[in-house]
């Protein structure tokens, strides 16, 4: 049921969150077993942003951004707004004024399975957004939604306080309680990749590094 | 019926048009009551362009760009070409040669609910295009369409001479006869936003600035 | 049937390939009679790349990138990897490690009718990719596909060794045995366009340069 | 601006409307010069319906069906409701209760560039709907739209009182003032087609009936 | 992490489940506060089916239907299989042989955010399927997924044992522990609708029955 | 290059073709190693048709159906028309008159990666069509295409004379020279399926029939 605002949500440790940001979406996604990715339609409005933060979630009716105002009050330093409309919508729920307000509360960015506008201003402000559309269509403030409730956003189930990681590859969610363990795995993965990268750059083949030839032959691969 | 070219179309005042360009799509769209936006699939081929101009409209058969040549003759300084195919099409109706010709006539850009090509050249020339696709597919010159007739382009009804505003947020159309009034409202809106921006940047909440708390409570919003 | 790797494929002459790169997608596509374009969904991960190379083709199951490793061994200097999944898929088959390996083998880029990840790294490495999605979704190595077999990729039939041309306008394929002839036509076309560009820039109209007025009138075009 | 209801709209002659229904969408579309078709996404909820009627138009906010109630009061016998959301939406604005009400007012059907629900009931009631989606998603009654204003619905500009023709091929709009003339052309077209159908059924070729061989040869068609 | 099969899941009461089937998707969706709907792309392979059952969930890799076999063993009488691929896929995971097996275990139908095949056979067998595609593309059995874990299927979060309701309007999920309460509300809603249906059929307007005129006027609705 | 009509094409044996029709799309697709399927967007205009025939291919410009007339002359008894537009298009290239003509030449149906119209008439005539859209949009006869040349239609490469199999599951192409061998495999597959169907219907599990338990355990599947 709509109309709920949960004020006290748990958040992951700040250093863990920042570590996940440095690891990036692809590594975090792999490190936690290839789960948690949001749909590929979620694209950044400008290249180069790489952030992580705690999800303040918004469930909003189509074409109604009232709950964004409610959510901004719930923001703490280091949070990310995550909005899922209750039915598919691409209206522009969010623009430069709301970004100004969110930034004043320490918000690191917005993930929205709908539209965003004022993208030139947002780019200049350095407020990153991942959205399914850039669309100036205005919204109303007439119907309640909820803040900090579990949502499904772009194929991913997200709980308030989960860690959102976002960069040029898209957006990934990490369960709050898994965040520290995922960070460790991500760092281990990065370390392991580094040596592989050097060998590959030197001309060694993945076929040999990963010892694939035998299995491929056993599966029946034929060279002609 | 296809096969018509209207030569004398009325245009809005140049200073009004330029004012609308400065206001930008999102503000103009709001100022005129949240109408006139083209569909979100209309994206710029490069970021940063912000233009307004009088629409020279083209209704063209799918995969046939003959009427673009006809339309270019009708261009006056400050115009924008607006092309809607008679059925959905993403072929590349327009490239660097046509842009060269259009620029020589004072054209400020192209809005096309189809494809465009030579986008690297167009970017270097500084000729902005908003399109639904980048696609090199060539077109023929075999069937008539019309120029400067009313069209529907990407969800918006457009009359020749209407003012087209386009920037990173997309494209918006303003009725020619409404242009001056819309500009006034846009400027008023911008002025009003400026003070709100400062208050929001200082940490005030929209909930308070817009006095929303009472209404939210009356609607039944519950804080947990 | 899956499970085949063809090792010896013929390639076009290197100077022809490089000439086609300079001509670019739109010109090559026109020069060969408006055929060979890949679907418009194939977009570059960063602007400005302009390459041509010989296709090393990959037919891969959905969500399985094993054959990419197999294909990399087949790369020669100047080749381009071209991957078509056996059914529609947008998973991220390819990232920075595979790009490192491919670059070490002289690969000029990737064309993939699926997803790619690590796009920030790929951009920094200068390894261009044309894909239908940016998506970090990981893939498995469990099922055979084939390398250097004929494929259909994004609406285009591609044979191993065909010349792939790719730039900001998209991707085009040229039959290996047609490459030299297409290059000649492309160069002729560029030369012809140059004089037209000057005339158009000077304000002459396409209607006159191409002598269209008579035919338009005969077709019934009416000026009002 | 939203919030307007136009009560007195002109309608075409009933016998003309019924004649257009008998002619059907494809014939009417051809008869009026291949204009007026709504987008192909507009599909009937059940096969076999073939209707025509006067458009009572609705411009409604996304996810808000309040104006449908307002529009039903404006219905007269033989009308068709035509709803366009102000931004793309697929919510279920309309179900069996509204259909019951509309039928009681003589409404012949609904054309909606959004969703519809209770389709089993609507099918049993014989109330035909052409929509872009079947979707049970509920809507609110919170924000004003307008009734009997010009709208753009699924690529077509529609004025209140225009004639809507709908069948298994989709939906077509005929300008109210053109309706009688279009009907005549449609009937002439049907008569002409009848003789062609017999000749084609007897094995004659369109190439001969329409005398195409000479023109094809002149264009360069080569038989191998 | 993939590779889990949960064998003992709780299910709702059979009479509650059957009551929800009778209420249907639109009513159940409204009764529980307009939540729980799956995306509109989920369409039945034949019209007229109306079922409810307990969800046996499947998380499966793209193009790999191995877990369907695993899931069938977990079926009990009255269950519904619900499959979500781990990334977007439209392959045909399911056909007549699997349906034969599932029916033998008492399965009432399949909800799959991917493809299905043998739809003529499935129709003749009376085994209903809601899917995003009909597609014969075969799948492999090479990679593990999971059975009876929480999934996100077509925009809806689904837990094993939740009640799935499906009919011509689409698919809705009801939390297992809410099922009885939702059924009561659905039945109350149906009763309330019955009297309204009669009044509407008699020509009364929703404007009057729901007492909307005052609020519309207060909002500024203008009749012209 | 467009403008070619190949008159003499080889066709598969009629009894083989008819056998493939009886086997149906899903079985044929599996029998030939899971290749040859057309994209899932190719849907029949009415349920229940199940045909096979020799492909007479058409490559046509967008919105131009001239080549359909040319192709009809090339039809022989048992053929199927297969049309691919040279760029994406959904116009209605084909209706009841062309169907009348094609049927008079023995044509069994149409596969078109574009639109079709007059679907009610086509249904009554029993002329099956698989298309990506139903759309009444009219086409012109102005530009050449080709007949009986290799095409790519809806993701599949098709040669003239290849066998097209089409039913409620979609459309599949079989190489002409493979047709007899594929039929044998299809029949063997059907025979093998029959015994499995009986065992599954009796309640045996695929897990046991296909002996999957050991491999699943080895892969790490865990039952909880």
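The chains carry the letters A, B, C, D, E and F, assigned in the order they are written, with residues numbered from 1 in each.
Simple rule for what comes next: a residue touches a chain if its C-beta (ideal position, glycine included) is under 8 Å from a C-beta of that chain, and two chains touch if they have at least 3 such contacts.
These figures come from a predicted structure and were not determined experimentally.
J.: So if I look at the partners of chain B and the partners of chain C, which chains show up in both lists?
T.: Of all the chains present, those in contact with both chain B and chain C are A, F.
J.: Could you check if the interface between copies chain B and chain F is built from the same residues on both sides, meaning over half shared, or from different ones?
T.: same
J.: Quick check: how many Å separate the C-alpha centres of chain A and chain E?
T.: Averaging C-alpha atoms per chain gives centres 28 Å apart.
J.: Can you check how far apart chain C and chain D are, centre to centre, with Cα atoms defining each centre and the answer in Å?
T.: 41
J.: Between chain D and chain E, what is the gap in Å from one C-alpha centre to the other?
T.: Here chain D and chain E have centroids separated by 31 Å.
J.: What parts of chain B, by residue number, touch at least two of the other chains?
T.: In chain B, residues 34, 37, 40, 86-88, 90, 135, 137 touch at least two other chains, as defined above.
J.: When you draw the chains as points and link the ones that touch, which shape shows up: line, ring, star, complete, or other?
T.: other
J.: Let me make sure I understand the interfaces: which chain pairs count as touching?
T.: So, checking each combination of chains, I get A-B, A-C, A-D, A-E, B-C, B-D, B-F, C-E, C-F, D-E, D-F, E-F as the touching pairs.
J.: Which part of chain D faces chain B closely enough to touch in the complex?
T.: For this pair, the touching residues of chain D are 1-2, 33-35, 37, 39, 86-88, 150, 152, 155-157.
J.: Report the residues of chain C in contact with chain B in the complex, numbered from low to high.
T.: Interface residues on the chain C side: 24-26, 29-30, 34, 37, 40, 43, 47-48, 50, 167-170, 172, 193, 196-197, 200-203, 205-207, 210, 212, 216, 219-224.
J.: If we count contacts the way the header does, which residues on chain C are in touch with chain E in the complex?
T.: Residues in contact with chain E: 61-64, 86-91, 135, 137, 140, 142-143.
J.: Along chain D, where are the residues that touch chain E in the complex?
T.: Those in contact with chain E are residues 3-7, 46, 66, 69-70, 72-73, 90, 92, 95-98, 100-101, 103-105, 115, 117-120, 123, 133-138, 141, 144.
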